[in-house]
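Each chain carries a letter (A, B, C and D) given by its place in the written order, and its residues are counted from 1.
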Amino acid sequence: MKKRTSILGGAAAIAATFVVFVIPFIFIILMAFKDRQQSALRDFSWPTGFHFWENVVEVVKTRNWMMITAFINSSIITVVSVTLLVIFAAMVGYVLARRKTRWNGLIEFLVLAGLMVPPAVVPTIWLLQGLKLFGTLHGMILIEVAYNLPFSIILYRAFVATIPRDLDEAAIIDGARPLDVFFRVVLPLLWPVTVTNIVVQSVGIFNDFTNPLYYLPGNANATVQLTLYNFQSQFSTAYNLLFTNILLITIPPLLVFMFFNRQIVAGMTAGAVKG
Amino acid sequence: MSASTMAGTPNRAETRAIKRSPYPGWFFTPAAIIYSVLFLVPTFASLYFSLTRWTLFDSEFIGLENFAQFLREPFLIKGLVNTVIYAAVTSGLKVVVGLLLAVMLTSQIVGRGYLRSVIFFPVLVSTVGVGITFTVLMHPTQGMINETLALFGIAGPGWLTDPNLALYSVALVDVWKGVGLATVIYIAGLVAIPQDYYEAARIDGATPWQNFWYVTLPLCRPATSTVITLSFIGGLRTFDLIWAMTKGGPGFASDTIASVIYKQYQAGFYGLSTAGNVVLFILIALLVVPLTMFLNRKQGHE
Amino acid sequence: MAGLELKQLRKSYGKVEVIKGVDLSIEHGEFVVFVGPSGCGKSTLLRMIAGLEDITGGELVIGDKVVNAVEPRDRGIAMVFQSYALYPHMTVYDNVGFGLKLARTPKAVRDQKIRDAARILQMEHLLDRKPSQLSGGQRQRVAIGRAIVRQPEVFLFDEPLSNLDAALRVDMRMEISKLHNDLDATMIYVTHDQVEAMTLADKIVVLDGGVVQQVGSPIELYKHPANLFVAGFIGSPKMNFVAVNADKVSGDTVNVSGPDVVGVPVALPAGKVRPGDKLTLGVRPHDLVVATSGAIVGRVGLVERLGNETIVNLELPSGASWLAVLDGDQALKRGESLALDVDPAKALLFDANGLAVAAA
Amino acid sequence: MTKTKTKLIALMGASTLGMLMTASAVQAQQSGYLSILVDNGPQSIATMEAWAEAYKAMNPDVTIDIEVRPGGGEGDNIVKTRLATGAMADVFSYNSGSLFQAINPTQNLLPLTNEAFQDGVQDSFKSVVSAGGEVYGAPFAPAMGGGIFYNKPIYEELGLEIPTTWDEFMANNEAIKEAGKVAVIQTYADTWTSQLFVLSDFYNVLAEEPDFAEKFTANEAKFAATPAALRGFEKLQEVAEAGYFNADFGAATYADGVRMIAMGEGAHYPMLTFAVGAIAETAPDYLDDVGFFAQPGDSAENNGLTTWMPDSVYVAANTASPDLAKDFVAFIASPEGCDIRNEAVGATGPYMVAGCELPADVPPSVSDMLPYFQEGGQNAPALEFLSPVKGPALEQILVEVGTGSRDAASAAALYDEDVRKQAQQLGLEGW
């Protein structure tokens, strides 16, 4: 009997989530298969002809294959900045959790402030200019690191607290220098929360729209979210291409998700929840 | 022979330990440099610029006039109220829906893997993409939502075009997109609850409802406070989705502080916009700091 | 070869002083046990020796070198933690070899040393496992193996057996003892369990409140505790205490009486106490014998009959409660009255400051 | 001054033309690299790409990189930011008139006053891309009018006449509504489209208050306090209250509006004439079904068109290759450039460059507009070309009027407040 209720409940849940969560995605996919005339109607209908491949080709070819450049740029920005974020945030979270000094209060305040204070765009651009980083991938990467550090630090600090200090000390006795302790003992043990960080931050950075818009002008520097602008203009809208574009740029996060799906919860377990 | 107690000559030659800490402060440096240069410095610079009339090309010091002007903005009060409503509605719904989904997903329900994936997936999709999609779906006459409602003889509202509804529609989409993260946080919180408590409760004859109310709810409070804090701050700062869906409209009906700030920025009122940033920061601090203190104190009491 | 010298060692956290000037010298090859209740500072002292805690004041000498400012890795020590502190992401092999790897020991040498250590501890079959796949005793062995492989001058053990069940604890105790004999190394061992201390130690250091209460061999401590604290801490079951006055001093015997005892004779050299002195009488439960009309009379409470001996809970007239361990099986009934006698040579007296009124 | 009479077709002497041609013939072939920033309207991109291709064909050693920016307010931001940080492309397109004044042209742009091609550019255009006595731009597109597109088949079906007064317009609307059709299309998903009733009414404002622009700039005239200026707001309110709008006016987009007017899903669509290009692109078969008339005023005698100067192309002051950039701009502003544009996106209105011809078969919506520009036609520039003051919130305020949540009078008052803020920002006298 219990079994039956669980099956019934499951079926109901599957049906409900299908309507709420899956249908919008099916809609995106259907739109991506339509031609321009049909897509302009924006209805949930079967495509009259399958134009998906044409749409993809058109989207990819637009503006001198900008989509390809954008994918390369976005990948570089995402991979490099997430790598830096993971290492730097873990280092801060580690020392912050382990070493109690009178600076801790200030550091924690700054971290929290970073979570809350909206960034000041124009002064930042000036600064990047002065550092010769404006409009470069390097600059963009550093910006993403700076803006996302607080969240990562908070996750890491909470997780480090769950790793027994004995392990650090055992390593110290074993002759480990601080960098050895961190890279060989602590960082590997932070893997679950690192996965959480990788998933949340890479998705956030890959999907970041506003920051590249400001800090990364120039065709050669386009990112995937900016490609949406090619099709969503003020004057005319090609919905089939727009949705093809949305579909294409959703693929990388989907891959990340499939890759780390099982491990996402584990990282949250000790990380975010004990925060 | 006899036992010695506290014998020996005191050796006053104190050797200063100059041993280095195993947790060196320089671990902070890479993060600190990036964060200070690219975040703190511009933020402090913006404090100055908020006191100027700034055309980007040159700035003129005008004292607090920007703040006076910003607070005179005809729609600022509405924007303030909207911001708080939006943050409260989204974080509240994420807590309730996220917890319910998490309870469901940690129970012995069929299709758990599917459900978990499907609920989490929207978190990964670009906000702008989601905004565009739902703007289309929520179209008052041709949108799929209202067309479906029409099949049942219900005249759907103008989700994004009715000034009284637009803000809530966007908030719903925000929940749709963000509830997956809340659910995952809750799942993590729930699996961390030792089974002993449930067993003890079962022996005490607790109903499933009592189980939820007296065991699950109190014991996943850390998860709750994480969800609330993250989504509340996110809600106060929210911009992408509102901008992608309504641009603060119709008229000014779904303006939040962030969108008001952005419009000032767009119009070229950089000093004014920067002053708005400062106002937003103050609002966040005023709401979030007491909120976190409240959540943490409650935690301490357990 | 390394002995240790602790000279007025101090440790404070802010204003709170937790180690209040410890002087101690440890010979090479000695097995020293720090014992005391929790919070007495024994672990802190051990961690100061390890280099995990900074030394606030005084000097620590290992071998012939002051090591206050020396990094732990250069102190020639190895440590076994209460939690074992095995690296969960490494196999047993890597756990044991981690220190060697950090020291850039050549691979072949490293492999040899790891396998030697594994053989000594009979855990060669475990080398490929992860710590999570090991039982408590096996983890303990790995932790010890990790220490052995470093070939330290000094082994430090921080309550290494407290996470094991009773039977395993006895086994491991013997193994550690055997290891000490085989390795000929100095070992410092922290425990709150005085049985471990008694069985393992060449020398016991009793600590309380950050102060060394007494240093000595196990039997010395048992027979001649320096003060009330040591007397109460060493020996199981605990020593019985009762407040008394000196009645009559005659030669090398003092008669003491109190609310619960009448005219108990205690062997004591002349001149140590005078009549009327307020003292505390201490008698170990094993040193009480049944008498027809003894110095101590009380009502029988709980009786534990173990066959070879009988443990009796005795309620004295003042309400205080004593334990007596009587030879053989004694069929005592709850509530009946029981009289006990004390062997004058085994009774101890403590003065008003709690210090032993020494017998010799 | 009330009306700027502009003459469409070349009165220009043959000498000017000849000079232009020789100039480009004599000039040596260009070489180098040119970056271009253009807004992301499909016609803008298509035109710019066509120009670049043609130019590269003539100068094989030139490489051109076209970069796209968003339009609207976001685009304004990008342009300002990139100018301020010296990261602007060599050549870029941007608005003329008040928005041009806001990008600090004297500091950020390269003067083009003495370039030979300027001889062929109409003075009325030069005046809206000039600052501090220098001319900075060249026309990017033809001139535009702001008025009302109408669907011809509906007019024929119902036997309606082109209205010359507001009352006639409203009567037409009533008839259309009674016939069960949508009388007026509004598309508030793209909020900027809400402004047309007010902005296109400016010819009528000037007809009654010839010095409104000057007084407005000097903080002496207000929308709320000037009945003629308030009329635009009232007209929108009247149309809204009469229920003439399409059902989905709140969610419809500009693209929807273009489709609806072309396909007869609505009878009137107030819009700028550049929409002709969009109609040609999305519904080419229906191009001939769309006509155009100026927004009627209250008197039939004085019926004229509010005109918009086209966007302009500018050269950034810090360009690395000023000569190449100028040469390319000259190419855009040549009759050849116009021909390439006609080829690429079709004709949408009268050119601002001497020697530029419209093809013979212009769509009716364009031919309906031309008389206003010709000799004897009546037109007046939009307010944004006569005054640097333009409040940023007009579109939202008008959406409120259109959705019935605000009345015309309070909307005008609110807009005056919005304007004050912007004027202060510009540091104008008297605010």
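Simple rule for what comes next: contacts are C-beta pairs under 8 Å (C-beta built on N, C-alpha and C of every residue); 3 or more make two chains touch, one makes a residue touch a chain.
Keep in mind that what you see is a predicted model, and the values were worked out from it rather than measured.
Asks: So if I look at the partners of chain A and the partners of chain D, which chains show up in both lists?
Replies: B
Asks: More contacting C-beta pairs: A-C or B-D?
Replies: B-D
Asks: With centres defined by CA atoms only, which chain is the most remote from chain A?
Replies: Chain C.
Asks: Provide the C-alpha centroid distance between chain B and chain D, rounded to the nearest whole angstrom.
Replies: Centre separation, chain B to chain D: 42 Å.
Asks: I'd like the Å distance between the centres of chain C and chain D, where a centre is the mean of that chain's Cα atoms.
Replies: 93
Asks: If you average the Cα atoms of chain B and of chain C to get two centres, how far apart are those centres in Å?
Replies: Distance between chain centres: 54 Å.
Asks: Could you please state the distance in Å, as a whole number, between where the Cα atoms of chain A are centred and where those of chain C are centred?
Replies: 56
Asks: Two-or-more-chain contact residues of chain D, please, as numbers and ranges.
Replies: Expected reply: 74, 81, 84.
Asks: Which chain C residues touch at least two other chains?
Replies: Each of 51 in chain C touches at least two other chains.
Asks: What parts of chain A, by residue number, touch at least two of the other chains?
Replies: 122, 126, 169, 172
Asks: Sort out for me which residues of chain A touch chain B in the complex.
Replies: Interface residues on the chain A side: 6-7, 9-11, 13-14, 17-18, 20-25, 27-28, 41-44, 84, 87-89, 91-92, 94-95, 98-99, 107, 110, 114-124, 126-128, 131, 142-143, 145-147, 149, 153, 168-169, 172, 178, 181-182, 200, 203, 206-207, 209-210, 225, 228, 232, 239, 242-243, 246, 249-250, 253-254, 256-257, 261, 264-275.
Asks: In the complex of these two chains, what residues of chain D are touching chain B?
Replies: 73-74, 76-77, 80-81, 83-84, 102, 104, 107-108, 188-189, 191, 247-251, 392-393, 396-397, 399-400, 403, 405-406, 414, 417, 421-422, 424-425, 427
Asks: Note which residues of chain D are touching chain A in the complex, please.
Replies: 39-43, 45, 65-68, 70-72, 74, 78, 81-82, 84-87, 190, 192, 253-255, 258-259, 278, 281-282
Asks: Using the touch definition from the top, list the residues of chain B that touch chain D in their complex.
Replies: 53, 55-57, 60, 69, 74, 135, 138-143, 158, 160-163, 247-253, 263, 265-269, 272
Asks: In their shared complex, at which residues does chain B touch chain A?
Replies: Going through chain B, the ones touching chain A are 20-25, 27-28, 30-32, 34-35, 37-43, 45-46, 49, 56, 104, 107-111, 114-129, 132-134, 136-137, 139, 142-144, 147, 176, 181, 184-185, 187-189, 191-192, 220, 222-223, 225-226, 233, 237, 239-240, 258, 261, 265, 270, 274, 277, 280-281, 284-285, 288.
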